[in-house]
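Chain lettering (A, B, C, D, E, F, G, H, I and J) follows the sequence in which the chains are written, and residue indices restart at 1 in each chain.
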Amino acid sequence: MISNREQVTAMILTAKVRKALKWSQVADAIGQSKEWTTAACLGQMTLTKAQADVVGELFDLNDEATAWLQIAPYKGSLPTAVPTDPLIYRLYELVNVYGSTIKELIHEEFGDGIMSAIDFSMDIQREEDPKGDRVHMVMSGKFLPYKTY
Amino acid sequence: MISNREQVTAMILTAKVRKALKWSQVADAIGQSKEWTTAACLGQMTLTKAQADVVGELFDLNDEATAWLQIAPYKGSLPTAVPTDPLIYRLYELVNVYGSTIKELIHEEFGDGIMSAIDFSMDIQREEDPKGDRVHMVMSGKFLPYKTY
Amino acid sequence: MISNREQVTAMILTAKVRKALKWSQVADAIGQSKEWTTAACLGQMTLTKAQADVVGELFDLNDEATAWLQIAPYKGSLPTAVPTDPLIYRLYELVNVYGSTIKELIHEEFGDGIMSAIDFSMDIQREEDPKGDRVHMVMSGKFLPYKTY
Amino acid sequence: MISNREQVTAMILTAKVRKALKWSQVADAIGQSKEWTTAACLGQMTLTKAQADVVGELFDLNDEATAWLQIAPYKGSLPTAVPTDPLIYRLYELVNVYGSTIKELIHEEFGDGIMSAIDFSMDIQREEDPKGDRVHMVMSGKFLPYKTY
Amino acid sequence: MISNREQVTAMILTAKVRKALKWSQVADAIGQSKEWTTAACLGQMTLTKAQADVVGELFDLNDEATAWLQIAPYKGSLPTAVPTDPLIYRLYELVNVYGSTIKELIHEEFGDGIMSAIDFSMDIQREEDPKGDRVHMVMSGKFLPYKTY
Amino acid sequence: MISNREQVTAMILTAKVRKALKWSQVADAIGQSKEWTTAACLGQMTLTKAQADVVGELFDLNDEATAWLQIAPYKGSLPTAVPTDPLIYRLYELVNVYGSTIKELIHEEFGDGIMSAIDFSMDIQREEDPKGDRVHMVMSGKFLPYKTY
Amino acid sequence: MISNREQVTAMILTAKVRKALKWSQVADAIGQSKEWTTAACLGQMTLTKAQADVVGELFDLNDEATAWLQIAPYKGSLPTAVPTDPLIYRLYELVNVYGSTIKELIHEEFGDGIMSAIDFSMDIQREEDPKGDRVHMVMSGKFLPYKTY
Amino acid sequence: MISNREQVTAMILTAKVRKALKWSQVADAIGQSKEWTTAACLGQMTLTKAQADVVGELFDLNDEATAWLQIAPYKGSLPTAVPTDPLIYRLYELVNVYGSTIKELIHEEFGDGIMSAIDFSMDIQREEDPKGDRVHMVMSGKFLPYKTY
Amino acid sequence: MISNREQVTAMILTAKVRKALKWSQVADAIGQSKEWTTAACLGQMTLTKAQADVVGELFDLNDEATAWLQIAPYKGSLPTAVPTDPLIYRLYELVNVYGSTIKELIHEEFGDGIMSAIDFSMDIQREEDPKGDRVHMVMSGKFLPYKTY
Amino acid sequence: MISNREQVTAMILTAKVRKALKWSQVADAIGQSKEWTTAACLGQMTLTKAQADVVGELFDLNDEATAWLQIAPYKGSLPTAVPTDPLIYRLYELVNVYGSTIKELIHEEFGDGIMSAIDFSMDIQREEDPKGDRVHMVMSGKFLPYKTY
């Protein structure tokens, strides 16, 4: 009996290790970016029936698990409010150190409002650099203004 | 008597409102990006004497405040671990929803390690879009691998 | 010296008690709804220069305070993550008890996505009822769908 | 052995996915609003014997599970005090940003007291809009005044 | 300049020590119970103009403070979620140890619903006892049932 | 294998639903008040052998479970420091809103000390009222004075 | 204007440093143990008029401060729930490591109940030891049994 | 499969209830104080092979469990930072109320340093008293001074 | 089915107790330092195939577990933000007491930046001392400077 | 009026910026290591009269501040349990990632016990390295064994 999406995520991770799959292969198979595809497989996005069928086959999921992939999940991928994993903590640290800066610069350019985390996309690439390669992340989110009413 | 950098940040914010300065003007004056400059003025970076003198003049700071700008500050710009401000929360939400995804993809590309939040730069631009302009953020951080020893 | 919006909110609250003003009067004076107007005066919204001038005059604010009203504030009006005030706690309790319900019903109607808290408006009215009058709150927020990319 | 209502909620969610039921169908079957019905199925409300029998049949529950539906549950549907799911967080954000505003306006209209979260009903509808459909939520709660004694 | 009720509470406590007043004297002066009166003076209840004038005179408050007594306050009298003071902690402990018991017994008698903390009164008396006098607290709150809709 | 009292509480709750027992019946069977009896069955009190045998029979407990009922349990019946269940939260709210009041009045009557939560009893009754029946709770705890030494 | 006991504690600490007083001298002056006396001066106990007068004179307190010493204070002397100071943390660690042990042994000896923290006294002495002197703490608290009712 | 010491503690507690053993009997069997023995059985101390064999026999532990008793455990016996159990909370309250006092008196007697919680022993006895027997706890910890370097 | 690295860590700890292995033996077997090897076995580092095969054989792991050792794990080895185990707490205490000192001295020597926790190695040795042997820990991390951009 | 050590730390930090002193100069002046000296000036250690006089002169402290330097302070230099400053967080991360490793290795070498954080010294040096200089930290703490009693 599967009663939440996290169980499906665990099944996917188990199968991924066993079958030594790569996220980019999964992304190719369903024809979406590797960023969206990974987030979806990790329980953060909702798949269409066609996408879920492909994912189900790649990871040997049963029908019940495949059905759960098509249900909007309870999102949030961190076990604690402040993440302990060093890689993810660095992202949290950037929000902490640069949060007020990003707020100031978006307001200076656009006025009061936010960058959407829903109408949003992300792209992660290797940036070659003789002093050591870099992670290059591009985030693009629609600006949503506060309006008077 | 100034005993911490936060007091200097408050003086800068007060002067910025009174003199209606823009962060981009400050950045031009000290010859750095608007992202680094804003972070520095908000108490997250250390300025050189030359930079501090320019900032001090722009914001009418006294000598004591200008000296504090040249001291490495206790960093972190958020009043609570989970930020309440909607704009900054969206960044936190991205870390929460996409954190495990970013971790998986960086590891898939680079192996175990992190994206540095120190050897790091950021660029924020308006991305024009007929369906509504977007915030375009580029982050670049050096990949640092874990090694055996 | 004013270094954050909370100081201006405190000045407004002080003047409001002293002058016995009503929020509906302030709303009429700036020509916006009482909901937006109150939120703005309590430090959650950004005012235009014209609006700020009216508010400044009503509450006897000085120029510095009036300038701050036109700056996008750090938002969030609660002193603790779980509010202690009984009226505000009831709202939190509704999110806690009905949160999963609202999520299910919005997803059933719209698919995966959220109700915007930015492209949002609210209206609070007295609902007369022989068994005891009721508070009638209407909230309207744009649905924002998650999309694949 | 079932020892709490959360286990019954998990059974309902599992069956709902497997049988591809809609909350509105369940609501029709027991003759209540979709809002109350969903909250009840998610473990927040107590059902009568008749309602529990219908729900039990729809979700293939055994007698023990159906009995638990008739017991007043320990309420609260969120795994953390500040919800991580973006849809539910937006509701929390509204309480945070507008909480003090709602408090002020209810007190201005009714005097000191609260909007009941018990003598309460809610209605969620799609609000068609050429600029993008909206979520329209109506909440109605009895005003309960504080009295002297 | 007074910008919140807590400042008035501090003024009352200061004056109470200086003038060696008793809460029961204050209660007599405004003609209410000592429980409601004390809660009101400690910033948890709203006073009428007549009551506020009496309290203002007893504690030598200025007009601004007396005006604040007539504004519905942000309630909650504890500095931390779990109180450290031994007397108040014992009350918290009772909620912790007996909370599930009280819930069970109210539901057994009344069905699903709550005891109101708003339509509520309290009486505290000395209960003489040869083995040591006791604190006798009576709490009476209206039962509010959850209903279907 | 039973390794803590919480497992016994779960067994009791399961049996109570299955056998549709009432707490008052259990109380009659062991000859104690319904308040103490319910607290004991919910894992907050220690039973004598005789009491445990009666409870064990009523709820079909095995010998190991019956033995655990006679062991002083780790007490505390709430899953979180601030309870989410609306009925129990109202009790917490009373401590929060009236905590400082109760402290002041007990000190005014008795001097410095506490109301014992151990040498304590409680009685919960329905209080009939034409405007809606009320929950009537009486708490009686021995006053314990702080003394110098 | 003094509005809480913590201000008086600060005044005492300031004077103690300035006048280089020892707690044992204060204890001798008021004729109580050094443990009770120190706790009282640090804002955890209530003094009689006679005791307060002596303390007031020793620490050069004004009448208002001396009056506050006679009011039952809001107790609790730690700034955080888990203390950061190494000496006080060791005490917390003892509760953490030995807490379940002490509970088991008191229950084995006395049955269910607690050691009172109110009807309590403490004595701290130097214990000479050739391998390094030791801190010798004796705590004595009345056992209070839970009883059925 | 046993993967941590807590599982062994649960096995011991289960057997202790089933076999109605007393901690003092266990202490006699291994020839240590009842305080150290109980702490060891509750997973806070490391046993020698000889001690573990005795404990293993008394509680019918298998070889794997007996081996775990000889591994230094991850210590800490409380499920939450602030304990909810009334007996253990009283100890926490003593740290909270008397923590600063103990700190002052140890520093006054010994200078800056701590009482060791490692080079430490404890003794708990019944103290007969006509007004009600008392718990008598003696704690002895080596004083460790901070030194300059 | 293994769905996370923590399960593999539990398997390793279980086998280590059963087979009475030492970390230094494991380190020798894979030809790395005991510090890195232990951290890797405890789920904090990623092993190569060759290393994982050796570890798998030493601890009798199945293929699935051995595969998980080669996946970058979610790091962080403490169950709570502030560790309760006395040995690990002492490390936390050092960060708390000396954190600001280390920050000052690194900045004084190197300017603004950090000591890397990734490009990092550690060595723990016994330091013989007639007054009692000491733990000697050497930490070496690359200095990473903040730069302007 | 100075009522705690933190005020003296603030005075020292203010003077240090104004006079552009280095910690190593202060250490030389009082003849102690730069590590102990900095910790002492930052409010974590107690100074002798001679040391305090030197520090007082260097930082232009008045007599009251100099007296406070000789009082054992309430220790702990971080504003939050999990530090936000990137440099200090890296130390916390090391405790989190390597905490269980250090515990295992110390126990393997010494048996059950701890590394003292009191009988402790620390040395921080620049380690020259062609791939980038490193921070070299040596910590030495006495091993304290748990013993039976």
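Here, a contact is a pair of C-beta atoms (placed from the backbone, for glycine too) under 8 Å apart; a residue touches a chain by one contact, two chains touch by 3 or more.
Molecules present, by chain and UniProt name: A, B, C, D, E, F, G, H, I, J = Cyanate hydratase.
Please read these numbers as outputs of a predicted model, since none were measured by experiment.
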I-J or H-J - the one linked by more C-beta pairs in contact: I-J
Mean-CA-position distance for chain H (Cyanate hydratase) and chain F (Cyanate hydratase) (Å): 28
Geometric centre distance via CA averages, chain F (Cyanate hydratase)-chain E (Cyanate hydratase), whole Å: 23
Intercentroid distance (Cα basis), chain F (Cyanate hydratase) paired with chain B (Cyanate hydratase), Å: 53
Multi-chain contact sites of chain G (Cyanate hydratase), meaning residues that touch two or more partners: 35, 71, 74-76, 78, 81-82, 84-86, 93, 96-97, 100, 103, 107, 113-114, 116-118, 144
Inter-chain touch pairs (all): A-B, A-C, A-D, A-I, A-J, B-C, B-D, B-I, B-J, C-D, C-E, C-F, D-E, D-F, E-F, E-G, E-H, F-G, F-H, G-H, G-I, G-J, H-I, H-J, I-J
Complex contact set, residues of chain D (Cyanate hydratase) against chain F (Cyanate hydratase): 1-4, 64, 67-68, 71, 74-76, 78, 81, 117-118
Chain B (Cyanate hydratase) contact footprint on chain A (Cyanate hydratase) (complex, rising order): 22-24, 34-35, 38-39, 42, 44, 75-78, 81-83, 85-88, 90-110, 113-117, 120, 122, 124, 126-127, 129, 131-144
Chain B (Cyanate hydratase)-facing residues of chain J (Cyanate hydratase), complex: 10-11, 13-14, 17-18, 20, 79-80, 82, 84-86
Chain D (Cyanate hydratase)-touching residues of chain B (Cyanate hydratase), taken from the complex the two chains share: 82, 84, 86, 89, 93, 96-97
Complex contact set, residues of chain J (Cyanate hydratase) against chain H (Cyanate hydratase): 32-33, 35-36, 45-46, 51, 71-72, 74, 100, 103, 107, 111-114, 116, 118-119, 121, 144-149
